[in-house]
Amino acid sequence: MSTKSTKPKPPAKRHDGRQPEALRTVHLERGYLRHAAGSVLISFGDTRVLCAASLEERVPPFLRGSGKGWVTAEYGMLPASTHTRSDREAARGKQSGRTLEIQRLIGRSLRAVVDMEKLGERSITIDCDVLQADGGTRTAAITGSWLALVDAVRRLVASGVLPQSSWKEIIVDQVAAVSVGIVDGRPVCDLNYEEDSKAGVDFNIVMTGAGKFVEIQGTAEHGTFDEKELSSLLKLGQRGIGELLKAQRRTLGND
Amino acid sequence: MSTKSTKPKPPAKRHDGRQPEALRTVHLERGYLRHAAGSVLISFGDTRVLCAASLEERVPPFLRGSGKGWVTAEYGMLPASTHTRSDREAARGKQSGRTLEIQRLIGRSLRAVVDMEKLGERSITIDCDVLQADGGTRTAAITGSWLALVDAVRRLVASGVLPQSSWKEIIVDQVAAVSVGIVDGRPVCDLNYEEDSKAGVDFNIVMTGAGKFVEIQGTAEHGTFDEKELSSLLKLGQRGIGELLKAQRRTLGND
Amino acid sequence: MSTKSTKPKPPAKRHDGRQPEALRTVHLERGYLRHAAGSVLISFGDTRVLCAASLEERVPPFLRGSGKGWVTAEYGMLPASTHTRSDREAARGKQSGRTLEIQRLIGRSLRAVVDMEKLGERSITIDCDVLQADGGTRTAAITGSWLALVDAVRRLVASGVLPQSSWKEIIVDQVAAVSVGIVDGRPVCDLNYEEDSKAGVDFNIVMTGAGKFVEIQGTAEHGTFDEKELSSLLKLGQRGIGELLKAQRRTLGND
Amino acid sequence: MSTKSTKPKPPAKRHDGRQPEALRTVHLERGYLRHAAGSVLISFGDTRVLCAASLEERVPPFLRGSGKGWVTAEYGMLPASTHTRSDREAARGKQSGRTLEIQRLIGRSLRAVVDMEKLGERSITIDCDVLQADGGTRTAAITGSWLALVDAVRRLVASGVLPQSSWKEIIVDQVAAVSVGIVDGRPVCDLNYEEDSKAGVDFNIVMTGAGKFVEIQGTAEHGTFDEKELSSLLKLGQRGIGELLKAQRRTLGND
Amino acid sequence: MSTKSTKPKPPAKRHDGRQPEALRTVHLERGYLRHAAGSVLISFGDTRVLCAASLEERVPPFLRGSGKGWVTAEYGMLPASTHTRSDREAARGKQSGRTLEIQRLIGRSLRAVVDMEKLGERSITIDCDVLQADGGTRTAAITGSWLALVDAVRRLVASGVLPQSSWKEIIVDQVAAVSVGIVDGRPVCDLNYEEDSKAGVDFNIVMTGAGKFVEIQGTAEHGTFDEKELSSLLKLGQRGIGELLKAQRRTLGND
Amino acid sequence: MSTKSTKPKPPAKRHDGRQPEALRTVHLERGYLRHAAGSVLISFGDTRVLCAASLEERVPPFLRGSGKGWVTAEYGMLPASTHTRSDREAARGKQSGRTLEIQRLIGRSLRAVVDMEKLGERSITIDCDVLQADGGTRTAAITGSWLALVDAVRRLVASGVLPQSSWKEIIVDQVAAVSVGIVDGRPVCDLNYEEDSKAGVDFNIVMTGAGKFVEIQGTAEHGTFDEKELSSLLKLGQRGIGELLKAQRRTLGND
């Protein structure tokens, strides 16, 4: 079986002029919303996701009485965020499989860096709403949500609800995510919509500040991939996530 | 039966220092989204609504073959937009009565100023998504949607799809809306969330650029009102809408 | 923009021979149902609505422990009630926006005349089911529901559940509703289906026995209206509601 | 296993004074609704069901192009029809198993006496809405629906849509139904709610004018039954249905 | 009205060579599943149904505090079990009327032989999932479920949860079911799919080990039937159920 | 942050005595169902999944007129398949996020080895229904589905619907899947339920017969993982999939 990834390709420029390893411009705006405990408007190029963290003093049934907290995520796309208007899920009466899959991924990624016992029996829900979609909405959502989560926990610490002296005792590491893929036979980082549409292989990688993996989700929609390609994709991902972790720290400053 | 509106009240200042007739700061940002045919981010103080117009070359079944077009609206609130996080309607699996009522109001308001025969057999859907809610989301949505609609129709005219020489032949007038109500016994304009919560009487008024009414929806949640109160509320509404119409024209410039 | 309401019209007779201000024949039949605490079959001409009040010794979550009661309404149309058979909402799996909007209106209208503290922590649900529809179903529903509500509260007082000596201490005023509109350029009262279909402007007005407004909902489906038209519509409404209030009192007799 | 039906019982009077074989008072009111092609308000004592037949010039997908028609039924109970108010199915978002089961039964019963080829490719939907429930709603619905169906077909014949000279060529026989059961150890006919609640065995029997069975549905909710009991129940049913068939013919007169 | 059942027919062989009274091969495999308290894979010829009983230490609201237990059933068909693949009900978002009707029938049939007071306040849910459908899935489900129910109760007795010395004190009799019908004018037992499709009259009969009826559901989809036909159908049913009861006892052995 | 995967562990035996790299016993039974075009009952130890392929001569809207075919999957678990009975998704009215995620994965995996142009404009739906769950249901489903798909395509070729001389021209390679994970600090292959519950890291790997990856989905539910751990997990996965590919070929024989 022949696949796109095996076709020889000259090192042509990417569609938008980026180098294979280059991220799009990343922008993080903290405190975008007034009511949420923490909120961040993140953009990866034209992709814009509003991440908001809300606190609730209760946990799902399976954790009641455990002394442990919970972090979960919900994801949605505004109908006009996509190239062609998409149906409103509230009007259709159900969330798509894609939506459910993405919000489960975001939730798992954030939980990997939270000490649930120190959080105590309370929940933080992260709403990730895509204002504009141009590829990479789930990786932008994870990257932005971490910062919204930090601000929500900071508020809990500041108000004395949590006895710890710093949010860093509850959120034990950073977490960020990027997509990588093989487009026109060449591994590239942070695919936009056009690249994503024609990618033979498409990965979403989630890593911590300590350089460990939390999630690797790789799909060969139009072909297959081998170990060598996997290895170069993971390298690209590590590099890209490194930059995103820096952007998170830069936005956080001394907080 | 005693009502809040009949209690004598000193002409105390409004909670946020505004005069009774004063609008909150209005801000209109055109072209907020890249994919939508027209889009406007409108804010009435802390209330922020993203209005986006999408075109579709087909009409609902009851208009097929009629030669007439259609304009409809959908409304939603991001879960984190409200003072306390609200459930995601897509997750609950249905839209609330309030949501359906608001989007029907927005649709009717816009249709009142569109010449459907000149629009031809195509539809424009206006998505109004509330990013932050602080009272008046539906009136902000109507006011902003009109501008998004203009930009969508301008694109149709510019691209030659419509034979008219100006969007003004299809959109025959402006339309804008404001809320008025009786708060602490005194008629005020453009209520924020706190005022709205304790208003004895609450009106949403929609008017055209020509100073005609399109919709009047008045509710006495905690009491009743008489003709004199109605009259002063309508005056406040006319005045407020007058300013919003100016803001629309200012944003539009010479387009 | 030209609207139907501005076209000059000769003072032709109404379709069914009524004068502009005339209601259709109103008929109120108390105690139509055997199990409901209160029930009324109301007709406005060919429009027939069955209103039934049921008691329940509990309140919605937001009122628990408040000592206050609640009154709410549900609305439905039998599929064969309409000119062309309409879908059964139970079979479609959801209530339409129109249904939700109407039942919210009925509930608000009734709550405006109930002293919730004296009702105590219990709920009354009013079911308004349209047996036959010929325009004005929501105004008939409000007018009939008030009487069903009275009978339900009378039963609570008679059985000693409520300590008051008369239902009039709990239901502090009457409430009734009528539609008015501009049809063929002329303001008319209590529109039937045919008039409603071609009305340029359509109002639903809810008033108390004391002559105060509870709700005003005016829509210009095909055009707009000005203050003068509004004023004459409100006058027609006040007059019509006056007759409905009398009909309620006549039906109630000395109860 | 002991069952209620085996306990010795004195031939005590029925709760409401009826003889074991006696029906409750049957009342049939034709033409109750103005818009439906045929409509009948039927009562079996306090049980009141509104049956309405609507015509539609199309058939379900599995019959398209077959030249055959279709008859189907929908069933619903008004929330206030029952002893204790029941939930509105439209609000709950789905029809109960009981509702679906009953409407399937009504549809099958009516189809048994219709010549679908002579009806031609069109559908008749019978809506059976229970205004008041006191046992036997489904048998009243079948009995009343037959008459509504006749009137709908008469209209088709009268208007010349169908070439037959009489509705009797399309509706080839009568159909009616009654419940029978073993209450306090004794077979009785046409159970009301109170009898139904304590019946050890409960049957619904549907028969044609020619004395043939269309459906027999017997359930021993609290016990079992033997052939002898079955035989006496069927006799009671035949007798009761005989009276209902007479009532149908009487109502129909010479039509 | 002529019906298929009245046409004279030679005593031709059944499609699959069986005698009119013959069952298909019955196979019962106990303990098919590892986690369920009781499970049976039953086959009636090509019809295969997996019946599994699960215990839960709680009862539905209407039984709380009554000291009585509950037995209920759920029914489903795998999409690929039918001749032409059927939609997955979970994907469509609701169970069909047929599914609800069948699971109600299975539940009633099993409850008829259970002493709910001795079961105590706990529930047993029987899942009946059709792996392959060739007619008679509901009768196979009832017959197999009885055995799964026995094994679940045996486990409760064996573990000392129930104080009785044998499951026979809780399950007071056997219950089994078979379909009978008139096919090509001749009464036959245990119809397969092909026979079921063309049956003029179709019965499902449920009986206890003591030879009493629990349910009789007879439908004349294409015609009607008289007392004589009913009588011969019931005889066929009794005979067939007799064999199924033997098969249950054989499978149970000395348990 | 400490994770389970970093704790030093002696090479203790696995819970069920397997070596770290050992699969559970794999069993493949072809032709389990009579109606489906292809069907396989696959077991990985106690995990049993029934995979059935159904043909349909049409494609989803986005492929109409493209000349290309489609392969999709649906997944479900019988309620009694799990350790504690799980809710029936059809009764709850929606499929869970987990279900949707798994069926999307199965569909993508199968599509990776099908030449859609040669399949032509027709669809194959693979139903994967879990009869018993003990970990690894999605990997068993993928592995079994491939064989069901082969049988469905073989039938198309044999019947002359497809012009190719062998199914191998349409299904261009094998595909199989296995789970690997880090349990008690040690990488193991084909986790059962108990291992899965306590795994720090959990991977599902899908590969082709040619040794290429189709999907890699790795999640660190309780911790994180580094490149070295990833590498050893992938090796385990490759080895396990190699055995599954052999089992597929063995079952297929010379077909």
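We call the chains A, B, C, D, E and F, going by the order they appear; numbering starts again at 1 in every chain.
Everything that follows uses one rule, which is that a contact is a pair of C-beta atoms (placed from the backbone, for glycine too) under 8 Å apart; a residue touches a chain by one contact, two chains touch by 3 or more.
Please read these numbers as outputs of a predicted model, since none were measured by experiment.
> Just how many steps, at minimum, does a route from chain E to chain F need if it may pass only between touching chains?
1
> Which neighbours do chain B and chain F have in common?
Chains that touch both chain B and chain F, as defined above, are A.
> Which of these, D-E, B-C or A-B, gives back the E-F interface, meaning over half of its contact pairs coincide by residue number?
Interface equivalent to E-F: A-B.
> Would you kindly say which chain has the C-alpha centre located farthest from the C-alpha centre of chain F?
The most distant chain relative to chain F turns out to be C.
> Same or different interface residues for chain D and chain E, judged by whether over half of the residue numbers are used by both?
same
> Find the geometric centre of each of chain C and chain E from their Cα atoms only, then give the gap between the two centres in Å, rounded to an integer.
Between these chains, centre-to-centre, one finds 51 Å.
> Distance from the CA centroid of chain A to that of chain F, rounded to the nearest Å?
About 27 Å separates the centre of chain A from that of chain F.
> Just curious, how far off is chain F from chain C if you go by their C-alpha centres, in Å?
One centre to the other, that is 59 Å.
> Indicate the residues of chain F shared as contacts by at least two other chains.
93-94
> Please classify the inter-chain touch graph. Allowed labels: line, ring, star, complete, other.
Topology of the interface graph: a ring, with each chain touching two neighbours.
> How do the chains line up around the ring if the path leaves chain D toward chain E?
Starting at chain D and heading to chain E first, the ring runs D, E, F, A, B, C.
> Where on chain C does chain D make contact in their complex?
Touch list, chain C to chain D: 33-36, 39, 46, 50, 52, 54, 56, 74, 76, 78-85, 88-95, 99, 125, 127, 129, 131-132, 134.
> For chain D, which residues count as touching chain E in their complex?
My answer: residues 1, 3, 94, 96-98, 100-101, 103-104, 108, 112-113, 172-173, 208, 210-221, 223-227, 230, 234.
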